[in-house]
Amino acid sequence: MPNEPRKLSAQIRDVEFGENVTYVEPVNMYGCKLGDDCFVGPFVEIQSSVTVGKGTRIQSHTFVCEYVDIGEKCFIAHGVMFINDLFQIGGPAYGKKELWKSTKIGNNVSIGSNATILPVNICDDVVIGAGAVVTKDIDKPGIYAGNPAKLMREIPS
Amino acid sequence: MPNEPRKLSAQIRDVEFGENVTYVEPVNMYGCKLGDDCFVGPFVEIQSSVTVGKGTRIQSHTFVCEYVDIGEKCFIAHGVMFINDLFQIGGPAYGKKELWKSTKIGNNVSIGSNATILPVNICDDVVIGAGAVVTKDIDKPGIYAGNPAKLMREIPS
Amino acid sequence: MPNEPRKLSAQIRDVEFGENVTYVEPVNMYGCKLGDDCFVGPFVEIQSSVTVGKGTRIQSHTFVCEYVDIGEKCFIAHGVMFINDLFQIGGPAYGKKELWKSTKIGNNVSIGSNATILPVNICDDVVIGAGAVVTKDIDKPGIYAGNPAKLMREIPS
C-alpha cells in the first residue's frame, strides 16, 4: 500500500491586517502583521513574526522569512528572497532559533526583482538593484547593486 | 473588529490567445497577447500589454511585466524576472508611467533560469546564461552571462 | 470566435512518496520520488525522474528539473533553480534529451535561496551561498558563493 503524504495548503492564518490591505491569491501568510495600505502579490510567502509597515508593497514571487521587519513605504519587487539562516554550522540551524539572524529594513527602501537579502540592517532611503545579493549592513542612503552588493551611487539627502 | 483585507485571485483576464496555446494553473495573466503555440508554465505572472510571439515558451516561476515584448520561438526559462522601473527617482515610479522603460526581446532568444532582465533591447539569436543580470542592450548574437551580463562567446551566423 | 487555450493545472501525479512526507499546495510534482520525511514547500515544481533522498527539504518557490538527483538530509532553500539544458546548440534542446545534462547532489548539502545550479555534481557536506550560480562540479566539502560560485572556506572533516 503506498504511503499517504500529509497535504497542507497555502493559506492566510493569524495575520493582523491594517486598513485597506490587498492581496492576490495564492499566497501563504501566517502569524505576520501588515500595516495600512499594504499590497501583497500572488505566489508570495510571508512567515511568522514578520512585520510590514504602512504603504509597503510586496510583489509577486517574493519570500519573507521569520525575523524580518520591513518599514513603511517600501517596495519589495518580484522574486526577492530574504534569509535568516547563514548555515553557520555547515548546514541549516533548523529549530535552533538562537542561530537565526534578523533583518531590519528601514522606510522608503526599494528592493529590485530577484534580489537576495541576507540577514542585515538596511537604513532608510536605499535602493537595491535587481539581482543584487546583499551580504552586509547598509547605513548610508544610496543605490547598491551586484553580487555581493556594493554602493553604486549615493543619494544626496 | 479586525480589518477585512481585499482578496483578489490569480486569474486569466482579457488575454488574447493564438491557436494551440497551453498554460498550467495557477497563473496570473491579464491584458496580454500570446501567439500561436505558446506555452506558459505554473506560477507565472504576465502583465498588461505584454506580447509574446509564436512558439515561445514561458517556463514556471517567471514574471513578465508591462512594457515587455517577446519575439517568436523564444525560450524564457524558470524564475526569470523582467523589469520596467529602474527606480530612477530613488524609488518606484508607481503610476508615473512616463518613467517606465520598455524591453524588446527578438526572435530565437533563450533566457536561462533565475536571470534578471532590466529594460533593454535584445536582438535575435541570443542566449542569456542562468542567473545572469542583463543591464545593457545586446545587439550581437552570442552567449551572455554573469552579473552584469557580458559576452562570453559569439554565435557565428 | 476567440481561440480556446488548453488549461492544465498544477498537480500531484505519479509521485512515489516515502513515509511521513509533507507538502504544501499549490505544488506541481510528477513522476518523481521523495524519500521518507521529506518536506516540499508551496509554489514548487519537481519534474519527472527526480529523486530526493530521506529527510531532505525543498523550500518554497524552488524548481527541480528532470535529470536531478538530490541526496539525503539536504536543505534546498527558496527560489533555487536547477538546470539540465545548457543551450549548447544556441538554444533549447527541447526533446533531444541526449543533449540534457544531469545533476547529482550528495548528502547533507545546503543550497541557499535564489541559487542557480547548472548541471553539476556536488559532493557531500557542501554549503552553497544564497544567490550563487554554480557552474562547475564541487568535489571538496566547503562553503561556495558568488557568480560563478567559488570556494569561500573549506569545512574541515
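By letter and in written order, the chains are A, B and C; residue numbering begins at 1 in each of them.
As a convention for this text, contacts are C-beta pairs under 8 Å (C-beta built on N, C-alpha and C of every residue); 3 or more make two chains touch, one makes a residue touch a chain.
Being a predicted model, the structure only gives us computed values, none of them experimental.
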- Task: Since subunit B and subunit C are copies that touch, just let me know if over half of their interface numbering is common to both, same, or not, different.
- Result: different
- Please report how far subunit A has to rotate so that its Cα atoms sit on those of subunit B, a copy of the same sequence, as a value between 0 and 180° in steps of 5. 120
- Express in whole angstrom the distance between the two chain centres, defined as the mean CA positions of subunit B and subunit C. 22
- Message: Can you list every residue of subunit A that touches 2 or more other chains, as numbers and ranges?
- Response: 26, 43, 61, 79, 114, 147
- Item | subunit B residues touching subunit C - in the complex, by the definition given at the top | 16-26, 34, 41-43, 57, 60-61, 75, 77-79, 108, 110, 112-114, 125, 127, 130-131, 143, 146-147, 155
- Item | Residues of subunit B defined as touching subunit A within the complex | 2-10, 26, 28, 43, 45, 61, 63, 65, 79, 81-83, 87, 90-92, 114, 116, 118, 133, 147-148
